[in-house]
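Heads up, the thing below is written out as C-alpha cells.
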Amino acid sequence: MSFPPALDIDWAHLAPALALLGTATIGLLLALFQRDSRLTAAVSLLGLATSFAFNLSLFLGDAGSGASFGLRYLADVPALAFNFVVIVGTALAVLVSYDQVGRMEMDHPEYYPLVLLSALGAMVMAAAGDLVTLLLGLEVLSLPVYVLSAWRTGARQSEEAGMKYFLLGAFGSAILVYGAALLYGASGSFVYADVVAALAGGGPLTLATLGAALVLAGLGFKAALVPFHQWAPDVYTGAPTPVVTYMSVVVKAAAFAALVRIAATVAPEVAPWLQTALAVSVAATLLVGNLAALVQRGVKRMLAYSAVAHAGYVGLAVLAPGHGGLEAAVWYLTAYTLMNAGAFAVLSLIVDRNDRGDDVERFAGLGQTRPGLALALTVFLLSLGGIPPLAGFAGKVMVFQAAIEAGYLWLALLGILTSVVALVYYFRVVAAMYFRRPEYEAPAFRSTATDVAIAAALAGTVLLGVLPGWWHDAIRGAQTVMGF
Amino acid sequence: MSVPSEYFVALSAVLFGLGAVGVVTRRSAILVFLSIELMLNAANLAIVAYARQWTVTGGGHALEGQGAVFIVLAVAAAEVAVGLGILVAIFRHRVTTDVDQLAEVRA
Amino acid sequence: MTETASGAAQLVALAPLVALVGALVNGLFGRGIREPASGVIASAAVAVGFVLSLVAFVAYPGEADGFRFVFAEFLRAGSLAVDLGFLIDQLSLVMALVITGVGFLIHVYSVGYMRGDPGHARYFAQLNLFVAAMLVLVLADSLPLMFVGWEGVGVCSFLLIGFWYQHRQNADAARKAFIVNRIGDVGFLIAMFLTFKVFGSLDLATVTSAAPGIAYGAPALTAIGLLLLLAAAGKSAQLPLQLWLPDAMAGPTPVSALIHAATMVTAGVYLVARTGDVFAQAPAAAATVAWVGVLTALVAAVAAFAQTDIKRILAYSTISQVGFMVAAVGAGAYWAGIFHVVTHAFFKALLFLGAGSVIHALGGEQDVRRMGGLGRRMRVTGTTSLVATLAIAGVPLLSGFFSKDAILHGTLTSQLVADAGGPFLFALLLLTAVLTAAYMFRWYYLVFAGEERLTAEAAAKVHESPAVMTVPLVVLAVGSVLAGYLGVQEFLGRNLIAEWLSPVLASVPFDHLSVGAEWALIVGSALAAAVGLGVGYWLYAVDKGRTVKRLEQAPVAALARSGMGFDAAAQAVFVRPGENVAEGLALLDRDVLDRGLAAPVTAVPRLARLAALWQSGYVRLYALAMLIGAAAVTAVALLAGVSR
Amino acid sequence: MIGFLIVAALAIAGGVLVVAARQPVHAALALVGTLIAVAVAYVMLDAHFLAAIQVIVYAGAIMVLFLFVIMLLNVERQPPAARWGWLRPTAYGVGLLGVVAVAGTALMERRPAPDQATVDAVLQGGSPERIGTVLFSEYLLAFHLVAVLLLTGVIAAVSLVQRPGEGRGAEALPVAALAEPGPREGEPA
Amino acid sequence: MITLLPLIVPVVGAALAALAGARRGAVTLVALLSTLVAFVAALLLPGAAAIDAPWLPGVGVSFALDPGGAASVLVVVVALVMVPTALFAALSVEERPGRFVAWLLLAQAGLAGIFMARDMVLFYVFWEGTLIPSLLLLGAYGLEKRRAATLKYLTYAVGGSFVMLVSILAVKALSGAATFHVEDLVMAARGLPAGTQAWLFAGLALGMVVKVPLWPLHSWLVDLNEQNHPSGAADVLGTLYKVGAYGFFAWAIPVLPLGAERLAPLFIALGAFTAVYGAVVATSQTHLKRLLAYASLSHMGIVAVGVFGLHVAGLNGAIYFLAAQMLSTGGLFIVTGMLHARRRSFDVDAYGGIAKSAPALAALSLFLVFAFIGVPGLSNFPGEFLALLGAFQTSPFAAVVATLAVIGAGVYGVNVYQRLFQGPAVAEARDLGPVELYVLVPFVAGVLWLGVVPAPQLERIEAQSQVAVLQLADAGDDPRADGGDLVPGPEPELAIGGAR
C-alpha cells in the first residue's frame, strides 16, 4: 500500500448516518429552548424518515460502488439493509418512548439525541470495513445505551442495569480491542480486505485466529452470545422498557451486522476450529436463552432471555455466510426487530409508571379487557416462537436452511428443539391473556404513539410473514458485497 | 539488535491478563474500571509493538497501527467520561461503589 | 357369461331396491303411517321383490352360467375393481326366491303379530331393510359387496333382536349377536385380503373360475377356506360362535323366523357354496367345514333337548339344522346344502311362526312346561306345526326327508372329505337325525299335545290366531310338504334343484352308489326319523317324562341346558379377561404411559432453573464467565497452533 | 534488552498493584506508573508522539480524573472478600492461562525484529507529522467518528449527572440518601 | 382463482365472525354463509387450476397449490363437515361465539391449505398455522383442566412438527433440490442413500406421528377431546386436524421412498398396535369424549397400517378412511354436544333408555355409530377395507392384527349406543329440534355419499397415490406397486427390510 493512500471519499454513503447526526444536533439545540421532549421526538422521527429516504435511494442505487474511505466504510447491500433495520427499530423505540418518558419520569432532553447517536453508531458498525471503524461505531452505539439503561436514576433496577452494562461492556470492548491488536499484528492492517489478503498470503495463522476469536468474543458480548450474554437478561430487566425496546433490537442488529461481516470475510481465513467454537457458543446460547426464559415469571425478563435465544438463531446464520446465511441474518433481524420491538411496545403499556408489574398474572384476561393489545402481543409472541405464517417463521426457515446447508444439521436440530421450549414460554403469556379471567385491573395507560408503533410492528410482522419473498430478494443482492 | 516486538506483545499480554483479573477480583466499580483501562493500554502496547514490526512492509501498515492507537486512546477517554458519569450518578443514590451490591436483578 | 341375457332376468336386481324403498318409506315417514298401512307397504315391497325374482327365475336361461348387472363402480384402487354389481345366476335366484317368498309370508304374518305395537313402522322398516340387505348378500357379484349385505343383515339382526330395547336382556342379546358376528366378519375380511393376494381380484366369477387353476391343497386356499369358515360360523351360528343365536330369540318371533331361521343364518352355507371352487381345491378346509357342521349339528341337537323355552328349542334346532347344511357344503354336496336351505326355510319358518302364534295366543308365555294340548284349541297352528315337525324330523315324503337324505348321501360319498373321516361324518349326522326327530317330537308334544298345563290367565286367553297369521302358516305348510320334491334322488326321478344349480356350483367327485345302497340309505334315513319319533313318543307320551326327570339330574343335562357350556367358557376365557385387559390398559395409558412420556418434559423446567441459577446477578461472576470464555478460546488457539 | 526488562518489570509491578492494592488511591497511582512505563516502551518502539500523548492525556488528564472521582466518592478501602474464596484463585488461574496462551502464541509466531534503519525510515520516530498524515487520510472517517464519539460521551455523561432537580453537589448526596429511609421509587411500598 | 377460494372464503368469514362478536344472529349467518360458500367452492375444485407462484424464491419456497388428487376429496369433506359444525358452534357456544366461529373458520382455511399445498414449506406453514386456532379453541373455551391439556397439546404438536421442519429443510439441503416443490424434491431425493432417507423420514415422522396420532404419542388427543368445549364443535376440528397420515401419504413416502421402506415395518407395527390398543381401551371408557378419542385413535391406527403397507390400495384406502372418519367421528362429537346440552354430562351412566324420549336423536346417533364402526355401505367401510386390504398384500401380520380392531369397534360402538339409548328409560331427553336435525343431516348425507359411491373419490386419490407408488416401485422395484400378482410373492416383511 502506498502512503499516504489515495482516498476515495464519498460522503453520500454516509448520508443516512449524517441525517441522524444532524437530527441529534437539532434535538440537542431544541432541548435548550423547549422543555417538551415530544417535539424532540417528532423531530427525531423526521430525521429517521430522512435517513430512511437517503438509505432507500442508496439501496435502490448501484450498491456495487458502496465502498469509500479506503474500504473502511462499506455502504453495501447488507449494510444498507441493516440500516433499514436500525432505522425501523429506532423509530419504533422513539414512538414507544413518546408518551412513556413522561409517564416514567425520565423526560430529560438528551434522551432522543442519545438514541439517534446510538443508532448512528449502529449504522457505522454495520458498514464498518475495518476494525477501528468498527470499534468507533461500537462505542458510539454503546455509550448512549449504557447511559440510557441507567436513565431512570433513582430507580435501583435501572441504576443497576446501567452500571452492569457499562462495566461489562467496557470489559467486552477491551477484549475486542486486544483482539484487533493481535489481528493487526498478524496481518498488518485493520481493514478486513487487507487482513484477508494478508492471511491468504500466509500470515501467522494462530495469532490471526486468536485475534479473530477475541474480536468475535467482543462482538459476541454485544450480540449476547453465551458465555458473554449474562449482562443481557439483567440489563433488559432493569433498564426502562422503552430503552429496552431500542436496545434489544438495534444493538443486537448492529452486533450481528458486524459479526456476519467478519464471519464472512476474516473467519474463513483463520483456523477452522474458530467456526466450531462459534458453533458451540451458538448452541449454548440457544440452550441457555430458551431454558432460562422458561422459568421466568416476569414477562420482561422472559423476553430478555428470549432475546438471548434469538441471538442463537441469528448465530446459526452467521455460521453459514456462504450458504445464504448473510441474507438470512439480515432477514431474521428484520423480522426480529419488528416482532420484538412490538412485544416490548405492548409490554410498555402493561407495566406501571415505575416500570414494574410485568408478571404473567398481569396479562390474565387481557384478551377480554384489552383485546386489541392482546391480539397484537399474541401475534408478536407467536412470531417470535416461529409459528407460520408470521415473520418469525420465514426467518427461522431461512436461518435453519442456511445452517443445514453449511453442515450444521445438529445445530439446527438443537435450535428447533429449544424452539419448542420457546413456544411453551411464549404461549404461556398467550394462555394467560385468553384462557384466564382478569386478576388485576386492566392497564389503563393509553398512548396513541405506542399504538402506532404496535400497529406498525404488527403490520410488518404479518406482512413480512405472509409475503417474505420481496425483502429476501432485495437483500440477496449481497453477492456484490464489498470485501467479500 | 533491538528487542523483538513480540516481547512487548508478551508484556502487553501480561498487562492485559492483570487487567482482566482485576475486573473479576476488584469489588469497587471504579477499580474495575481502572482495570479495564489497564487492558486497553495493554492493547495499545501490542498495537504499537506490531506497528514497529510492520515497518518491514512499508509505511502504510506501521502508521496504520500508530494511528489506531491514537483512536483507541480517544475511545478510552470517552469511556472514562461516560463511566465516571454513571458511577457518580449511581453513587448519589447508593453511596457505594461495591459492584456486589448490584445484584438485585438475577436468575 | 352371457351378456345378452334376457332382460327379464335382470329384474331381480331391482328387488333389493324395492325393499330398500319400503324401508325408507316406513323409516322416514313412520310417524305418519298407521297400522296396518306400514305392514302393507312392507309386505308389498317384498311381494314385488318376490314377483321380480320369480319373473327373473322364469326368464333365466337354465344353461347359462350367470351374468352381471352393474349399477355403478364401488371400490377402485390399483388393480382392485369392485362394482356395485349383481351376479344373477341359478344360485342367487334360488336364494332370492326363498328370501322374498318366505320373507313375504313372514311380513304378512307380522301384520297380525305386531298389531298394536307402537313401533310397528320401525319394525317393518327394519324388516324391509333386512330383506334388502339379504338380497344384496346373495346377489352380490363380488366378495366385498357380499360383505356389504353380510354386515347389513347383521345390523338388521341387531336392530330387530333389540327391537324391544327397553328390556335390558333384549339389548344384551342384540349386542351379543352383533359382536359375535363381528368375530366372523373379521374372518370374512381377512379371507378377502388373502383372496385378493392370491387371485388379484375379489370378483366371485373371477375367483371361482381361477380357483381350479391353483394347486390342489395349496396352503393359501386352505387359509382362505378356513377364514371363510370363520365368517360362516359367525353368521350361521356354528361352533364355536353359535352362542348368540339362542339369545337372539329375544326379538319378535317373526324376526326369528325370517332372520334366525329361514334366511340370514343360512348365509354361511350360501357363502361356502358360492366359493365352493375354493373349497373343492382345499380338502383340509372342506373337511374342517364338514366337521364343524357335523359337530354343531350334534351338540345343538343335544342342547335342544334340555331347553324349556319354546323358541330356544327351535333356535338350537336351527343351529343343528344349519350344521347339517354346513356339513353338506363342507363335504362338497353344495346342491344338497342349498336344497336343505330351501326346505329348512319352509319348515323352520313355519315352526317359528307356529311358535309365534302360540306365544301370541298365550299372551307372551314362552315356557313349554306351561303349555300342552294347544293343538286342540288352535287347530290350524297345531296342524301346520305338526307338518313342520314331521318335515324336520325327516319323515319320508315330506321335504326334510329329501334334503336330509341328500346331505347324508353327500357326506357318505364325497371324495373330498373321504380321507377326513367321511363315514364318521355320516354316522354322526345320522345320529343327529335321530335326535332331531326326538327333540322335535318333544317340542310338538309339550306344546300341542298331551295335557294342558296353562296358567289360568293364559288359558282364558287362548285363541286361534287371525287369518293374516294362519294363512302364511298354511302356505308354508304346503311348501314344507312339497319343497322336497325339487330334489328327488336321481335314481328315483329328476333332481330338479341339482340340475338347476349344477352350472354354477363347484363339482366335487362323489363315489357312485349302487341302487341297493341308495335304497339302504333312504331306508336308514327314514328309520332314523322313525326311531327318533318313537323314542320321543316313549319318553314324553308313554313314560310321561319320568325318565326325563331322572335324566335331568345328570350333569350332562345341566350342561345341555346351558347350551353345552359355551357361554360360560366364552365369559371366562374372552369376555372377562378382555374387560380386565381393557380396564388395565386404560389405567396404564393414563397413569403410566402418559406420565412416563411427561417425565422428560417436566425435567426441562428443572434443567431450566439450573440455567437460570447461573445468572447470579453479580457483575464479577459475569465477568469471570466472559474471561473464562475468552481464555478458553485463546487456550484452544495455542493448542491448535502448537499441534499444527 | 535490559531497558525492556526494566520497563516490563515496572509495568507489571504497577499492574499487579492495580489489581491487588488495598487502597483505591494506591491502585490508581500504580496505574499511572504502569502507564508511564508503557510510554517508555512506546519510545523504545519508535512511537514518540504516542508516548507523549500517553503521558499527557492518559497518565495526566484521565488518571487525574480517576483520582478525582476516587477522592470525590470517598471510595473506602476494599473490605476483605467475604465470600467466593474460590473466585480470586480462579480468576488468577484463568488469567494466567490466557496470558500464557496469548504470549505463547505471539512468541511462537515470532518474526525477526526489523532493523533500526527501516524503522527509522518508515516511522521517523513516530512523529506527529506522520501520525497526523495517517489520521487525516487513512483514518479520516475514524477521526470524524472520534469527534462524534466524544460528543456522544460528553452528552451521555452530562445528561446523567447534571439533571434538573438533581443538581445538588455530589458531596451532599450521601446525607440526602441516608435521610431517605423509606421505600425507594420503583419498589413496591 | 377457485383454488384460492377454500382459503380465502373461510378467512373472510373468520374476520366477519370476529367482528360480529357476541351478536349471535350475525355470527350464525356468517358461519352458515361462509361455510356454504366454501363448500360450493370446494365442490368446484376438481376442475380448478393449480397455482405455483414464487413466495420465498431465494430459499426455494413457492406458493404452490394443487386442488387435484386427494386434496379435492379431503377439502370437500372438510368443507362439508364445517357447515353443520360452524352452525352448531354459532348456536351453542354461550360466550363469545363470534370468536369461536372465527377460529373454526381459520382452521378450515388452514386445513384446505394443508391438503392442497404442493410446496413442502408451504405445507408446513398450513400444518402449523392450523395449530393455533385449535389451541386457542381448547384453551379459551375448554373445561376446567384445559390449560394442562393445552400445554400438552402444544408440546406434542410443536415438539413433533418442529423436528419435522428441520427434516423438511434437510431434505432439500441434502438432496440438492432446487426448490421445496414436491416434484423437485421427489426427483432430487432419489439420489439420497437409504440410510440418509431413513433418518430424514424419521424426522418427518416425528411430526406426523403425533398428528396421526399413533401410540405412544396419542395422549394429547384424549385430553384435547375431553377438555374441549362441550358443544363438540372444537372436537370436530380436532378430528379434521388429524392430518399426520396425509403427511406421510403426500410427502414423506413419495419424497423418501427408501426411508419409507426401511421404516415401514416400525410404523405399520405401531399402527396395528394402535388400532387394537385404541379399540380395547375404548371399550372400557365411560366418558363419551374419551371413548370417541380412543376409538378414533384406533381408526388412525388402521389408517397408518394402510399407509405403511405401501401398497396402492392401502394408500388410497387410508386417505379415504381419513376423509370418511371426519364425517362419522365429527358427527358423533356433535351428538355428544347435543347430549351434553340435554343432560350436562359426558358420563355414559348419566344416560340410559333415552331412545324412547328422543327417537330421532337415537336413530341418527345409531346411524353415525354404525358408520363409525365401519359397517359397509356407510362412509368408513371403503377406506377401512382398502387400507387393510392393501396392507395385507405387503404385511399380512400387521394387517391381520389391525383387523382385529374391527371386533373391538363392534364392542365399544354397540355398547355405548346401548348404554345411552337403550335399556329402561332412566333418563329423559328432549328429541332433536329442527335446527339440530339440520345440523346432523349433512353428516348423515355425507356418510351415505362416501359409503355408497366411493369410486369417484378413490380415483382422484389414486391420481396422487400413484406418485408414491411409482417412487416406491422405482426405489425397490418390487411388485408392490401393483397388487395384482397371482402367485404369493416372497415374504413381504423381508422385502421391506431388504430395501436397497
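First chain written, first letter: the chains are A, B, C, D and E, and each begins at residue 1.
We take it that a residue touches a chain if its C-beta (ideal position, glycine included) is under 8 Å from a C-beta of that chain, and two chains touch if they have at least 3 such contacts.
No experiment lies behind these values; they were computed from the predicted model shown.
Enquirer: List every chain that touches both chain B and chain C.
Expert: Touching chain B and chain C alike, sorted by label: A, D.
Enquirer: From the C-alpha centre of chain C to that of chain E, how far is it in Å?
Expert: 35
Enquirer: How many angstrom lie between the centres of chain A and chain C, each centre taken as the mean Cα position?
Expert: 76
Enquirer: Based only on mean CA positions, could you tell me how far chain D sits from chain E in angstrom?
Expert: Roughly 68 Å, centre to centre.
Enquirer: Where the centres are mean C-alpha positions, what is the separation of chain A from chain B, in Å?
Expert: Those two chain centres are 25 Å apart.
Enquirer: So which stretches of chain A touch two or more other chains?
Expert: 3, 5, 132, 136, 139, 143, 146-147, 150, 153-154, 156-157, 162-164, 167, 171, 175, 182, 185, 205-206, 210, 233-234, in rising order.
Enquirer: At which residue positions does chain E touch at least two other chains?
Expert: 155
Enquirer: On chain B, where are the residues touching two or more other chains?
Expert: Those would be 5, 9, 16, 19-21, 23-25, 27, 32-33, 44, 49, 51, 53, 58-60, 63-64, 67-68, 71, 75, 78-79, 82, 85-87, 89, 92-94, 99, 102-106.
Enquirer: Would you please name all pairs of chains that touch?
Expert: Result of the pairwise touch check is A-B, A-C, A-D, A-E, B-C, B-D, C-D, C-E.
Enquirer: Of all residues in chain A, which touch chain C in the complex?
Expert: Interface residues on the chain A side: 163-164, 167-168, 171-172, 175, 205-206, 209-210, 213-214, 217, 221, 226-228, 230-231, 233-234, 271, 273-274, 277, 281, 287-288, 291-296, 421.
Enquirer: Spell out the part of chain D that touches chain A in their complex, as residue ranges.
Expert: 101-102, 105-106, 108-109, 111, 133-134, 137-142, 145-146, 148-149, 151-153, 155-160, 163-164, 166, 184-188
Enquirer: How about chain B: which of its residues touch chain D in the complex?
Expert: 1-11, 13-22, 24-28, 30-31, 33-35, 37-38, 41, 44-45, 48-49, 51-53, 55-56, 58-60, 62-64, 66-71, 73-82, 84-89, 91-95, 97
Enquirer: Spell out the part of chain E that touches chain C in their complex, as residue ranges.
Expert: Within the complex, chain E contacts chain C at residues 152, 155, 216-217, 219, 222, 277, 280-281, 283-285, 311-313, 316-317, 353, 355-356, 370, 375-377, 381-382, 385-386, 388-390, 392-393, 396, 399-400, 403-404, 406-407, 409-411, 414-415, 418, 421-425, 452-456, 458-459, 462, 469, 482-486, 488.
Enquirer: Could you please specify the touching residues of chain B with respect to chain C in the complex?
Expert: Residues in contact with chain C: 20-21, 23-25, 27, 32, 99-100, 102-107.
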